[in-house]
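When the chains are written out, they are named A, B and C in that same order, and each has its own residue count from 1.
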Amino acid sequence: MLLEVENMTTYYKLKDGFVRACENISLSLEQGEALGLVGESASGKTTAALSLIKLLPENAKVMSGKISIAGRDISQAMEAELRRIRWKEIAIIFQGAMNALNPVRRVGDQIVEVLRIHEKMTDKAALLRTIDLFEQVEIDPSRVRDYPHEFSGGMRQRVMIAMAIACNPKVVIGDEPTTALDVMVQAQVLQLLEKLRSKRRMGMILITHDLSVVGETCDRVAVMYAGQIVESGPTERVFENPAHPYTRALIAAFPNIEGERYLAQSIPGNPPNLLNPPSGCRFHERCSESMKLCSCQEPLPVKLDSGHFASCHLLGRRVLS
Amino acid sequence: MITSEQKKDLFALWKKNLVSFWGIYSQNKMGLIGLVILIIFTLMALFGPLLVEITTMAVDDVTQVLHPPTGNFWLGTDDLGKDIFAGVIIGSRVSLLVGVAATAISMIIGTVIGIVSGFYGKTIDALLMRITDVFLVIPWLPLMLVMAALLGPSLANIIFVIGITSWAGTARIIRSQTLSIKERPYVERARAIGSGDTHIMFYHILPNVFPLIFANTVLVAAIAILSETTLSFLGMGDPTRVTWGMMLHFAFSMGAVSFGAWWWLLPPGICVVLVVLSFTFIGYALDEVLNPKLRRRD
Amino acid sequence: MSNRDQVISKNELLRVEGLEVHFAARTGFLAALLSREKALVRAVDGVDFSLGKGEILCLAGESGSGKTTTGKAVLRLIEPTGGKIWFKGEDLLSLTRQKLRLFRQDAQIIFQDPYESLNPRQTVFATVAEPLEVNRICNSNAEKEERVIEALCDAGLNNPRELFLRYPHELSGGQRQRLAIAGALVLKPDFIMADEPVSMLDLSIRAGILKLMVDLRDLKGISYLFITHDLSLAWLVSDRIAVMYLGKIVELGSADAVIRQPLHPYTRALVSVIPVPKSISRRDKKLLKGETPDPVNIPVGCRFHPRCPQVKPRCREEEPCFREILPGHFGACHYL
């Protein structure tokens, strides 16, 4: 097991109380595996990712949970050890990363800087590694001396990917790595991530609101709603047999161009306020099949199949097709 | 535009906005201090002159001349035997009035030019900005002195002069904010529903520039009051009016320094400093309060 | 440009011919002095299509395709630099100011960003009432209020009165977009240009907004020019799809035809990368190399030729013309 997260809970402290951004998140990632973390805005997926490497704002705290990488427990790691872990073992490509490049410095220099800080390489060695990285992400190495504005959005994203894999991390977390990219560029970037993953046997966590991205690239998927994981399992199984009503609604909203044309129903209502989440199942207020039990008791994960879990009270009663 | 029931709702909405604004503002210590000082001086300016009076310019009682603070005269007397404490109180009214009036003129000119310039762009923008540049570049003190000397030392002229020389900075700030708001989709939408230029400027751009105007106004007011003091001190002010600047002017020209009459020099000076400081503090606090709202939601 | 016959049918709401929108490119001072030709951004470079009454036509393409510029040019929010537009039989480019105002009441727009397309200082009521006030439509406050309520309800915002005094930041993304739609509906338009109306909304909310748009078409006969980069959405919602690349339409046909039997190589590539659930097996994806070039440097000949997997010598020299390949299915390529 490359990365294992058990019952991680992260809260933000606000003036009015605690925002329960992540509640009892459990994930696991094998080497070379891609896990998709799917959720809409305010589902807590970005917080979950940032909690792994504790890159949270000041008012956020990982309240409980165990995080281990390659068998090592890092839940209690102090800042010094975290700094070693960040980038060298777990790297993250942030949302909007393509805009995170310093516009007044050459692109190659920015990667060299990362290498010098983290790997303590000499300038010459770092430059050679940078050129090699550029080749791996399919950018012409001569462009090492270009400035960010000379690159298109897709190419800048490739530079960010190069930066992320620069120190050969074991796990790469991509937070919406393809949002804001054109569809063709998106396909290219996903193909690149796929290639890098298999070649380097990296673990990858792909955070996205776009189910289609997950369907194409991830081996396993975890669906998040209001800070909790409501369903997780192998991608194919979850797509063919979604168990949780939320997952089912998301998949129904996914246009299938090889099937019938039909506009699914929207899920009524809005995502809940995490300062004061609903009692019981957090989805019950928007669920078309909620029972009385759903508003009182939080459902626990039910095992449906090998590796396929979902948290819903209905599962005891329904026969899965 | 709305029913009376909705008028009640609107009023409730207003109150809600005000309460939430105060909630944030009151957390800022600088802002509170500034506000308190300003309130004190405003009360002084409004009601003070009703409670004290300055008798005529003539000397009443020669024995009272240039006395340091005593029981009767809390801040002592000047060279004509006038009560300095009374002077400070009466002076507050005119000083604040001039400051506010000049600020109003300055802000109106600056805002209109800023919005029109930013909105239309191209030639109008170029023209207006060159004019603004002229006013920005000319050193304001000599300009004010020349204009005051030409127009004569009356209160109205002072207000006019200060207003005319301080709008340029505001115009620039408002213009750049207008440039950014102009590109927002809701302005494009306003076009799409058939709005004319004036409607867009007043209805969409002005309200969204308003927080900036507000914070800027307060700082301009500080400068205006300081300017009035400066002009009066240099002798360009209205000698028939009692202002802090005039008191300082007379104090200096009548030799208070060599006489050692600190009670004549310090009080008006300290008042000016306090008022300017209060505006500055409020300006900082407003900036902090209003800026987050200018950014995005959620 | 087009070989079709010009028959202005009774059911045609909008017709566009040879539409061009060219911008002067920003070049450096020195370059402007030294170069003889002004660099031109040919954002829209000769576009022909028509929109029928009650039809939903989608302009699909990636960034740089010119789809948004086309949409805004049709509404005259951006001024076209060439070509012709007819709306309800009238030449749109030679309207008087009066008539332009009336046109604007008939042709409305919904923007992509539900946060930025609403004035944060306008209440819900003010936002929806503004079009009425600007066009001096209502005679009394009661009438205005009625129309506002009607528009809000049509947009699916029930309990409109409760929302009157709310501000946009108090509403959710989906509600904001519905508010924007209400603001467009209040003038009772015949035509709405929807610029990526759901791309910034959560997945679970999108279906509702799309369904609303289609319902409005079914109930009120509103025609849509629907602009999107998402071909699967285009397929779900539109009657016909026009695929754009670098300022020209490369393929135009019914939604099913374009998605299920794409003719143009670009369309085929785009369709091949549309994700389909249940098939984690790697389909034959035709990934194109590189990215869409800058509209300042449009390739000579067929503008797609540098990236086309089936490029032949003719493509590098001659620009293909846009012609009917199958009934109702048009394409611009030498080898269809």
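Odds and ends about this structure:
The working rule: contacts are C-beta pairs under 8 Å (C-beta built on N, C-alpha and C of every residue); 3 or more make two chains touch, one makes a residue touch a chain.
Everything quoted here is computed from the prediction, not taken from an experiment.
Least step count on the touch graph, chain A to chain B: 2. Using mean Cα coordinates as chain centres, the one most removed from chain C is B. No other two chains have as many C-beta pairs in contact as A-C. Inter-chain centre distance (chain A to chain B, centres taken as mean C-alpha positions): 53 Å.
In whole angstrom, the spacing between the mean C-alpha positions of chain B and chain C is 50. Between the CA-based centres of chain A and chain C the separation comes to 32 Å, rounded to the whole angstrom.
Chain contact summary for the complex, chain C toward chain B: residues 75, 77, 101, 104-105, 108-109, 111-113, 115-121, 123, 125, 129-131, 134-135, 141, 144-145, 164-165, 168-169, 180, 183, 187. Residue ranges on chain A touching chain C, taken from their complex, read 40-41, 152, 154-155, 182-188, 191, 209-213, 215-216, 235-236, 239-240, 249-251, 253-258, 261-267, 270-271.
Chain C contributes residues 62-63, 172-174, 202-211, 214, 229-233, 235-237, 255, 259-260, 269-271, 273-278, 280, 285, 287-288, 291-292 to its touches with chain A in the complex. Residues 1-3, 6, 9-10, 13, 184-186, 188-196, 199, 203-204, 207-208, 296-298 of chain B are the ones that touch chain C when the two sit in their complex.
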